[in-house]
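Next, two complexes with subunit A in common: one pairs it with subunit B, the other with subunit C.
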Partner chain A sequence: MNAPLYSHTFEIKGRDFEHGGEASSEIKETLKRMGINSQIVKRAAIASYEAEMNIIVYADRGELLLEVFPQMIRVTAADRGPGIEDIDLAMKEGYSTAPPEIREMGFGSGMGLPNIKKNSDRLRIESYPGKGTTVIFEIDIRDATL
Partner chain B sequence: MSLINGKVLSGESLLDEVEIKRGFAADLLSDLLALVEVENRDVVLITGITNPQIVRAAVLMDIPMVIVARGKHVPWETISLGEEKGIILVSTELIVFVTCGLLYQAGIQGAKIVRGP
Partner chain C sequence: MRPFNLYFHSLRIKEDVCKGCTHCLRNCPTDAIRVRNRLAQIKDLKCIDCGDCVRSCPWGANEVLTDDLSVLSRYEYRVLVIPPAFLSLDFLGLSTSEVMGRIFALGFQEIWEEGIGEEAYLEETQRILNKGNVKKPLISIACPAVVRLIQVKFPDLLPYLSPLNTPKDILGYTLKRRLGKNFGLFYLSPCPAKVTAIRNPQGIESSPYDGVIGANVLYGEIFRVNGTAEGKAYLSGPSGVAIGRIGGEKEFLSPLRVLAIDGIASVVRFLKDLEMGKVPPLDLIEGRSCPNGCVGGILLPERDSFLNLYRLEQEEMKRKEVISPLSREDMTDFLYLTIPIQPRPQYFISEDLESAAKLLKVIDRFYEKLPKIDCGSCGAPTCRALAEDVAKGEASLEDCIFLQKKG
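What follows is the complex of A and B.
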C-alpha cells in the first residue's frame, strides 16, 4: 500500500467522558472537507466514535490514527488497556463487560464492536490481555470525489 | 415545545430551521448509532442521558434536536457543547414514555431503522 494521502493521530485519554467523541467529530469534519461521499463519512464517523469510546471506557489511554488512501479510509485504534479476553464473545451484539456506572452514562450496551464491524468493510482486532487492544478498520471509498 | 412543556437549554436560535417529523428514544447511545438510519435532519432524540455524549452522538448522526426527559438536571458541559455544536437541547419534566406518546399523537413518526443482517 502506498503512503496515505492524509494521516493524523488523535490522543485519547481514558475516562475523559467530557471530551470523548472529539476525535471522531474531527475525523468526520476532515473527511467531509475532503469531499468524501457523506454515507461513507457517516460510517467512518460512527465506527471511529465506537472505537474512541471503547478506549475512554476501558483503557487508561490510547490513540486513533486516521489514514486516508485514494481507495479507502483506515482507522487504527490502539490502547493500553486491559485487553479483550475473548474476541468472539466481544463481537456478539449485547455482550459487554462494562460496569453499571458506565451503562448509566449510556454506554456498554454491547453494540460497540458489532457496530464497528457493521460500518466497515474490513475489521481486525489484536488484543493482548493485560497489555492492550488494537482495532483496525477500513472503509472503501466508492463514488468518492477525492 | 409547548406540547411537552419543554424548556430550551441550547440552540434556541435554530428552532425555526428544523422541522421534526420523526423520533427515536434511547438511553444507550450505541443503540442509537446501531439502529437509526443516516438521514436524520428531521429526527428528535428522546433520552434520559444528560452527559455531553448525547450532543456528540447527535452531531455524529446529524440529529438536530435532543429532548432530555424526566426533568433530569442537564450539566453545564452538555448545554455549552450543545450551544457550540448547534444542537437544540430541550428539557421536560415528563417521562420518556409520555414524551414519546404526546409527540406520536401530534403526528411525529418513528425514526427509520436500519434492518438487521
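What follows is the complex of A and C.
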C-alpha cells in the first residue's frame, strides 16, 4: 500500500478519564473537515473512541495513529498494557475484565472491541500478554465527498 | 427586506474602542475572531451572531447594529412585535400598561407579543413530534444562533432541525397579510442573532419585518418620551411568555422528552455528543445561546438574567388567556420554513481529499512548532487556529510571542 495522504499520532495517557475521548474527537473533526462522508466519519469516530477508552482503562500509555488513504481510513491503537489473554473471548459482547471501579464510571461494559468490529470494515488485533495490545482497524471510504 | 450581504452580521467591532485584548477571542464558540494589528476582526463565514463577544468585552467595543426609531417615519401605521423577554425587564416602577402607553407615544399604533406566534409554534411542534415523520431528536429553530451554529460547525445535524418557521416570523407573516401593505412592521430584538435573522433570514425567502429595533434602544426611549398614548396591545398567554426563558418549550411539550440547554458553549458540547450518537432517546432539543434563554439576551439592558428570569416567571403567573384577534387558522399558512437551511461553505479545509490532506500536513507542521498553550496573544484563539491561519497565508508564525522570544 502507498503512503497515506495524511497521518497523525495522538498520545494517550492511561487512567486519564478527564481527557478521555479527546483524541477520537479530534480524529472526528479532522475527518469531517477533510470532507469525508459523515456516515464514514461517524463510524471512524465511534471505533476510535472505543480504542481510546480501552487504552485509558487498561494501559499506562498508548497512542492512536490515524492514517488517511484515498480509499480508506486506518487507525492503529497501540498500547503498553496487560495485553489480552483470549482475543476470541474479548470479542464477545459483554465480556469484560475491567475492575468494578471502572465499571462504576460507566466504562468496561464489554462492548469496546465488538463496537470497533461493528463500525469498521477490517479489524486485526495483536496482543502479547504482559506487553501490550495493538488494535488496527480500517474503514473504507466509498464516497469521499459530500 | 433584502439582505445586502450574503453573510450579513449585526455584530461590529468599534475600531476606536477595541483595545486588541483577547477576551472575546477565547469566548467565541466558532473561533470566528482574530486580533490583528491590535484590533479584533470577525470572520464573516464563521460568526453566528451569538453575541458572546459582546458579553465578554470589558471595553464595550462590540456593538450590535439595529435600527433606531427614525425608521418609523417611513410608515404611516406602525406595528411592533415584542419578545416575551422584554416585559421581564425592570421598568423602574412603571406598570405594563404604562410601558405600553409610552411605546405608543413613541410612534407605534399596535403592539403584538411574539408569544402569540409562539403558542401556534408550540402546538404545531407538539403535533409533529407526536404524529409527524420527523428525525428525532428534533432541534428547535427558535434560537437563530443555534441554527447558525449547526450551519457552521455541525452540518451533519442539519436534517434534525425543526421544519417549523420561527415564532416571530409566523406572527410577522400573519400580520403582514392581515394588515395589508401600507404599514411598517418592526421587531424588537433582545439579541444580535435575531437582528441578523431579520436582515439575513435562513429558511425563508425574506423577512416579513421592515425594521428591527434593539431592546436596549427602545428601553432608553421609554424613559425619555413624554407621556403616554393610546394604541392596541395584544398579549399572549402564559406559554407564549414562558418561551422567553429556558425550559419554556420543554414545559409546554411535557411529557414529550425534551432536553433544554442554555449557553452556547453547553449547546456546542451537547451537539458534539449528539453527533457521536452518545445521547439517550429524545424528542426535542431546546437549545438557547444565552444563559437562561432569551431573558439573558445581550440587548436587554438588565445584565442579570436571573432577575429577568424571576420577573418573567412572575409575568407568566399573571397571564390567564391570550388577548388576540388571531385564530390558529390565521397562522396555519406560515407555520413552516419554505427553503432548506444549508451548511456554510467555510467548514471544509479544501475541495478534495488530497488537497485537504496536503494542507493538514502543513498545519500539523506549523502546529508542532507552537507552544500549545492557547494563550491567544498571537491574535488567534488557539495554537491550532494560528497554525491553520499560517498555512492559509493569513498569519505568520512570528505572531507567536513564544517563538519571538526564542528568536
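By our rule, the second predicted complex is superposed on the first by the 145 of 146 C-alpha atoms of A that agree within 3 Å, B and C clash if a C-alpha of one lies under 4 Å from a C-alpha of the other, contacts with A are read in each partner's own complex, and residues count from 1 in each chain.
As a convention for this text, a contact is a pair of C-beta atoms (placed from the backbone, for glycine too) under 8 Å apart; a residue touches a chain by one contact, two chains touch by 3 or more.
As the structure is a computational prediction, the values presented were derived from the model and not from experiment.
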- prompt: Now for A:Thr30: first (subunit B), second (subunit C), both, or neither, which partner does it touch?
  reply: second
- request: Have a look at where A:Glu18 lands relative to subunit B and subunit C in the superposition and call it first, second, both or neither.
  value: first
Statement: The shared contact residues of subunit A with subunit B and subunit C are 25, 28, 38, 42, 45-46, 49
Message: List the residues on subunit B that touch subunit A in their complex, please.
response: 26-31, 33-34, 38, 47, 49, 51-54, 56-57, 59-62, 77, 117
Message: For the complex, give me every residue of subunit C touching subunit A.
response: 155-156, 272, 275-277, 347-354, 356-358, 360-361, 364
- prompt: Tell me, which parts of subunit A touch subunit B in their complex?
  reply: 17-18, 20-22, 24-25, 28, 38-39, 42, 45-46, 49-50, 53, 103, 105-112, 114-115, 118
Field: subunit A - residues contacting subunit C, complex
entry: 5-6, 8, 25, 28, 30, 32-36, 38, 41-42, 45-46, 49, 68, 70, 141, 144-146
